[in-house]
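Each structure below is given as structure tokens.
Here chain A shows up in two complexes: once beside chain B, once beside chain C.
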Partner chain A sequence: MVIPDFTHKMSAHCESGALTSLLNHAGLEISEPLVFGIASGVFFGYFHKAKAFPFPTFIVRNKPGQMRRNIEKRLGVEFAEYRFKDPALGMSRLDELISRNIPTACQVDFFYLDYVPSWERVHINVHFMIVIGKEEQQYIVSDAYFPKIMKLDERSLEKGRFAGGNMSPEGFLFHTRSVPEKIDLETAIRKGIKKACFNMLSIPMPFLGVKGIRMFARKVTEWPNFARDTEHLSHEIMKINILLEDQGTGGAGFRFMYATFLQQASSILRLPTLKDLSQELMLIGDGWREISLFAARIGKNRDLGAEKLGQLGAMIAGRADAEENFFRKLSKVVH
Partner chain B sequence: MKEKEGFIDYPEQQVILYVEKEDGQFGPMQTGSYISANFIDDFRNKRIALEIELRNQLISNLISPVRFYMVLEELTLSELSARSGICKSTVRKHLDPGGFAKATVKDLEHYARVFNISPANLLQVIMVHDGEQMVSQAIPENKIHTLSIHHSTTQNPFIVLTNIEEKK
Partner chain C sequence: MPTTPDYKLKMEIKTMILDTLGITDVPIETIEDDKPLFGGGNALTLDSVDAIEIIMAIQRIYGIRITDQHIAREVVRSIDSIALFIADNRENKAI
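Now for the complex of A and B:
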């Protein structure tokens, strides 16, 4: 069976995409950029040494799960959430929910999803997709990263939902329980922007927000110390492109999607300044995209000497300056 | 980014990019993945080279199968420990051939689940004659054109059926 009337839609990002699809299904017409912006999704964090990562890495969005919590808080939407210790119980609860025609979002490790091409599969415990049906031993899945509805073997889904490790999904499920009749979009947008500005400018940690971009700019020149050999370093440098462009960011590490949010917010709040800022962020995003392309190129050419990595660091430092200036202006507009 | 600058023709991996449309509005555009369209061969070659290097260390008894898959799947010691439920110091021992010899069958089952392979594949590397060369079936990047090899699980968690079929 497949839940009737559910519309599958490809999105830039799995979590904001899953949230948008669930809200749309529940009758709330809202775009992915609005969900992303209200949820203060835009962010930056750099991890030079972390137990969970075999190599330095960075993130360009807020903590997984935070978007859902922010949407609940700011839009007044209520989600039902479930976590399980027992996989059998977790799977039977999912079956029960879809048998009641409730599209249900699952948190999974991306690595175990059979329908994902091998070159994309990585162990990452924070992928979200929506289960919308079941046929024999296969689940019918709406995954925002794919143009079509996919099928997933029952055992693979169980492995994905109950993978251990950092940010383990613990079989996590959620679905929309209620959507308020009246939503104060203007207040929600303002709160979302304020929190995003705080996250980018004021968290007192040297690796988060704009400070994190600066740390990335400084530390990227040390990456050769972590690599097994040139091939490994090339792989990791090229991953900068993947993290900024390919892993569900909408391009330029979510900056293009956030610019789209600001453009939509400008109309809703009737604040032309936000439209100007959205244009500015689009240009900042173009700079991030140049970094992506540069990283892919030097990685492919194995041109990874100190000079090129220094150049890469300087380009990243340029984004830190631009974003500091941008978020300062943005915070003034909504205060 | 302007809409026309973002378009990549690569149907195998589609993504959504937010772009500036001709009318000045920003919105989503479905397009191909830039990195996959341009650099997928480089990625595959690196994976294959890494697999060969690790396999040579494995068959020379320099590393254990646990380290082989841990490196291939880009997991850290802490992460593998947390995912397998085996304590970190024990996993560390299992990374070397001597320590691996002391792993229990239950440990192998836990590792196999994390690596998404059959427990049998922690004790063997299946090599397939493909054209001019023998290639390992351990990574999907080795596209074997002649045979398909598929493991079917059974009620017994330690036994898999290895099905070898000629590709038509």
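Now for the complex of A and C:
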């Protein structure tokens, strides 16, 4: 049994992609960049010293789940959500939903998805994909990272949905419950942009938004103090590239996707300035991609002396300046 | 010696890769068009860092910014796939 008329699409990011596919299936034609932008997905945070982050790390988007909540609030869409302690109950609820032809998004640990080649599997507890059917012991899955519909063994899905660890999925499911007949896209876009500007410029925390990028720029030169050895340090420095480019970010730490959002928003709001800002953000994104490459290169070559880390810090500081300038201009366009 | 536009583009791409990555010990004529550039099987064996270098070189030289990493992965699979991508997208600058 497969849910009829479900259209599988590849997306840059799993969560915004799953949201977009569910909304499209419910009859709301909207692109992934618009979903990402309305949900104020673009962000930056630098984290260290918390129990969960023994080694410094950073994020380039808002926290998992926030996009869904923002979309509900700004578009008036309603999602049904479920969490489970009992795996058997969690699996039977999923079966029940798909038997009613309701495509259902699941939060899973990426590692247990048996259609992913073994060398690409890593433990990430916040991957989202959509279950659209079941045939015997296999679920039919629309995963935005893959070009076609995939099949997933029942046991693997259960393991993925009920994996332990930080941000464990707890069997989390969600699906679209209702979409309003009339949506005020213009207001939603303006609110999404305003919130993104607030998040990047005005949260009074030294590790969030542009201030977080500045902290990253300063602190990256201290990373050798926290590493066990050169191998560990090189692994962590190369991870900068993975976090910016290779975890469904749409490239350059979501900056390219946000630039595409601004381009689409420019047409909808009839504001040509947003198109100019979109192009400016593409160039800022190119700078983040240079950082990715630089980090990957020095990590690969174990060339991790103070001079190179200083250079890396200076490049990151350059992005802080550029993004502060960019978000200040953006906030004035939609005031 | 073939001189079709397709052949010229593929030679350009091979030169771009060798120059970008600073590879001097692989003769250009040994690089096969249809064999994977990653994971062995071709005269060039590249890794994920090399892939980013190639993506940025494509942007620098051909003016095409590949913003989606899923597309990027498909593009850099072989000389054939890079050539096809460049030929298809020379006008459309951001993918």
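Definition applied: the second predicted complex is superposed on the first by the 331 of 335 C-alpha atoms of A that agree within 3 Å, B and C clash if a C-alpha of one lies under 4 Å from a C-alpha of the other, contacts with A are read in each partner's own complex, and residues count from 1 in each chain.
The criterion applied here is as follows: a residue touches a chain if its C-beta (ideal position, glycine included) is under 8 Å from a C-beta of that chain, and two chains touch if they have at least 3 such contacts.
From a predicted model like this one, the values you see are computed outputs, not experimental measurements.
**Q** Given the superposition on chain A, are chain B and chain C in a clash or a fit?
**A** Once chain A is superposed (C-alpha atoms), there is a clash between chain B and chain C.
**Q** I'd like to know which partner A:Lys300 touches here: chain B for first, chain C for second, both or neither.
**A** both
**Q** Should A:Met10 be classified as contacting the first partner (chain B), the second (chain C), both, or neither?
**A** both
**Q** Regarding the shared-chain residue A:Lys329, is it in contact with chain B (first), chain C (second), both, or neither?
**A** neither
**Q** Where does A:Lys194 make contact in the superposed view: on chain B (first), on chain C (second), on both, or on neither?
**A** After superposition on chain A, A:Lys194 lies in contact with neither partner.
**Q** Touching A:Ser168, do we find chain B (first), chain C (second), both, or neither?
**A** first
**Q** Report the partner of chain A that touches more of its residues: chain B or chain C.
**A** B
**Q** Let me test your reading of the model: by the given contact rule, A:Gly250 touches which partner, first (chain B), second (chain C), both or neither?
**A** both
**Q** Where does A:Ser118 make contact in the superposed view: on chain B (first), on chain C (second), on both, or on neither?
**A** Touch status of A:Ser118: first partner only.
**Q** What residues on chain A does chain C touch that chain B touches too?
**A** Common to the two interfaces on chain A: residues 10, 12, 145, 147, 238, 241, 245-246, 248, 250-252, 256-257, 260, 282, 285-286, 289, 292-293, 296, 300.
**Q** Report the residues of chain A in contact with chain B in the complex, numbered from low to high.
**A** 10-12, 32-33, 51-55, 111-112, 117-120, 122-123, 145-147, 155, 159, 163-166, 168, 231-232, 234-235, 238, 241-242, 245-246, 248, 250-252, 256-257, 259-260, 263, 278, 282, 285-286, 289, 292-293, 296, 299-300
**Q** Give every residue of chain B touching chain A within the complex, in rising order.
**A** Contact set of chain B toward chain A: 1, 6, 12-20, 25-28, 30, 33-36, 38-40, 42-44, 46, 49-50, 73-76, 78-79, 82-85, 113-114, 116, 139-141, 153.
**Q** Over in the complex, which chain C residues touch chain A? Could you list them?
**A** Chain C reaches chain A through residues 47-49, 52-53, 56, 59, 65-70, 72, 94.
**Q** Chain C touches which residues of chain A in the complex?
**A** So the residues of chain A in touch with chain C come to 10, 12, 145, 147, 238, 241, 245-246, 248-252, 256-257, 260, 282, 285-286, 289-290, 292-293, 296-297, 300.
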